[in-house]
């Protein structure tokens, strides 16, 4: 029987992979993908809690849908930024891009 | 009707300032007709006033002070009627004179605009029935004086003289303003008519301070010591202006003010005494400077200071009628003298009397009228100055021995310097080429003739020959019968005048050498170094204070402001390297932070 | 009822949105659009002045709508004697400065958008009667002002703009604390100024003093009161001409207005407690400002410091806490707006020609620029308090109001009158009189647009000087009501 703990474990692993990816990838696309991982880890949690502890009105699932929608919007903005960065610097390595300093 | 008198010249001002360029030569006639109208209405007002004595017309409320409405109005009494007549007559004549004198000036219409504004303000000043209205016009005449002194503004000296005149009188005016505040807080009224029944009991000191502050305004306007320095410099303006503003009318406004507020001074004998002393100092000091000065206009300017001092002295010893009488006669003959000087300058294009001489032969009318004016000022009977000066001497004679001596000495010096001026300018051998000199046009000589008629006869109305009609007019309640006739003083007056003239004749025509007063001469020639002293002890320190204030502002106050900012900046410089600009670094901090936070949280949960 | 006040406030904002939609190359269209918008605002404000009944106590043209219900913040606008003249002043100067904005050389679109937003902010500040709304408008003024100075200013524009922004923002933050304390101290919590004015005076003196100071500092920075004045010369000098006009003419009045609208009715005891200090500060402003102005060689900086000096009269009149002083202070606010606005326009006229403001670079302009000489002399005389022109009445009333309360201090303040005459005439002498400067002598006289901006101001200077009741009758009743708090 798959318990809540399994889901939480999966979600934690996904989350850690995502964080690791965000922190270590130089490629901006990679970072965006890693962020998606983090968000999906959260989604798994939301849905799992809903299923096992949850309230009858499906709040967790609705919330997960919101996250998916907003993550999509976030990715769009992120990709736009990546394109802008690319146009400026001809590459998408984030460590070349430290204009936000000061 | 009296309230409309200032409107005529004011209308002329409006017309001239806005349409002057188009009117061109006609602007002079606009101005002259306006003052002529004002003169006619003034004469009518004089008869009305004689018929039903004093009147006061309230025009309306201007402001309210502490909820009490401040009403403006005009006052019609002997003093204001006298001033109205003097101002309108002299102004009209001088405007006629200016037609010739200012002929060809590029700012011809502007000149007549200003002079009309001046006439309007001056008439408003003498008609005002309260301190505020008087102060408004008081500043108005000061403005016109400034504009007209600096009329030929291309000359730096003229621009500077205008500035000096305005600032110096403004110092006096500020004192005057504070005096008004003080008086208002004491009496809760600013109407002149209420001054007659002020009750000084219990507040003697405050009333005295108020009187002195008001007198300080008069000191500035009438160029009395210690604020006399602006008047000689004001001679940079056109001569007709010197005649009107800086001899006959505006500078007399100070004397008028003291006369107008005379009840206040009568209630404070110490203040009155002070008025006399300041008048005495000014009279003697200016007269002594006039004896050595070589600029024809400046001699007359110092003479004006001296004569105004004499009026103040007259008022200060309680001679209300004497002071005002001299104010009136002086207006006519001093205007005459200035206009003559203007005519002379017009002919020889120089103001230095050392380059003149022998002009009488070239300019008969100017010469004759000049002599009449000089004799009137010197106090030779039966000309105007004799009678009024005699009145002042007489007033001082009782109880004010010191001031009496000052007045006598001043009269002697006056006769001496006027005779000196006449001899050096009109007689003797020409000291430079005067072949091109010629008599001035009719528009200039006509006013000279009219004014010299006044200079001869106007004094008679206050003489025993006319039964002291002037005194009866100006002091209707006391009447003429109280005016005493002291023949001793009259003879003394004649004697000192003649001595002065004879001495000048001997020195300047016969070459009599006076004993050398080298030091005294230099002192007088440098006007007692008053300008230099003021420059050192007031002007320079004041400018230094201003520069110091700016330095303080810039370095200290702004320094604190900018210092605060740079402190924050320096503090932030310490933490700045933490911001690498790499998003991943920030995230790393964030994750590490979260992990630490979770550990602490976990630890805390574990403990409880 | 037609929402007159809202239209006055938001018409400029609407026009700003309209300008955003116009093509940026069509400068003529943009300028015409902005001009007509400000002109309509001026017309509306004239309508307001005409329809304003000066005999009625209390506020008129009220617009009172619930805005943010949980906070009990209302959209509350109204006019009374305290702000009616200010609204007119703002609208008038806004229109005239808009005419004078023709010299703006680049990015006209952005300039006029920000300019119109600034107008909305200023008008809103004067008309808002709800503290929250007031604060929003108050802050809304800062941002466009920052950009207007920082982008279109002189050589040190960034420095001046930043200094202005940070300085005034610091004051506003302190005021925000005061607003919040006031809000939470009242029960039920309210931002309504009139309700607060009922409640606040009941608090004990120590709380009143604390709150008074928190508001006072924000206002004092705006006025500006010594020693918070140093942003002003920098901002004025660097700002483009029309913005200097609004800075001096309107922004400074926001601070003075705050003293009357908030400090006095909210904290009457604290005001009383501080009246002597305020009077002393007023005297310092007056004399110190005049002294520093005397030491200037830069035309614009001199006028800037003269504003500091003139605000001393407002403070002195305010501190006197009597009807005469109040009348003087409020009148001086109006007059100073008109006169100093005109002075900055005149400085701008000269700067457009010479690109310098050093007084030594001119001379003898009376001969070559007679129209300019007339207006400059006229406004200068108004500013130095020549009786018969408007400056005198305000100064005179302030001084005479303060005299019975602080006789010695008022007498000392009168020194400022002498120094003021000194530096102004000194300026006249350097610019207009003396021999004609060979370079400056070639400048053309004022053109018809420049004349057009100065004529209305000069007319007001003359009319108010002769007939001050024209302004005073609007403010009398509101000021009498203020004294009841005392």
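Residue numbering begins at 1 within each chain, and the chains themselves are lettered A, B and C in the order written.
The rule is short, and it goes like this: a residue touches a chain if its C-beta (ideal position, glycine included) is under 8 Å from a C-beta of that chain, and two chains touch if they have at least 3 such contacts.
What you are looking at is a predicted structure, and each value in this text was computed from that prediction instead of being measured.
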Taking mean C-alpha coords per chain and comparing to the overall C-alpha mean, nearest is chain C
Please state whether B-C or A-B has more C-beta contact pairs across its interface. B-C
In angstrom, rounded to a whole number, how far apart do the mean CA points of subunit A and subunit C lie? 53
Between subunit B and subunit C, what is the gap in Å from one C-alpha centre to the other? 37
Measure off the straight-line distance from the CA centroid of subunit A to the CA centroid of subunit B, and report it in whole Å. 88
Residue ranges of subunit A touching at least 2 other chains are none
Check: subunit C positions touching at least 2 other chains come out as none
For subunit B, write out the residues touching at least two other chains, lowest number first. none
Mind listing the subunit C positions that touch subunit B in their complex? 163, 166-167, 226-227, 229-231, 288, 291-292, 294-296, 322-324, 364, 366-367, 381, 386-388, 392-393, 396-397, 399-400, 403-404, 407, 410-411, 414-415, 417-419, 421-422, 425-426, 429, 432-436, 468-469, 472
Touching residues on subunit B, where the partner in the complex is subunit A: 576, 579-584, 587-588, 591
What residues on subunit A touch subunit B, complex-wise? 19, 22-24, 31, 94-95, 97-102
Touching residues on subunit B, where the partner in the complex is subunit C: 61-67, 132, 135-140, 143, 146, 150, 153-154, 156, 158-160, 162-163, 166-167, 170-171, 174, 177-178, 181-182, 184-185, 542-543, 545-547, 549-550, 553, 557-558, 560-562, 565
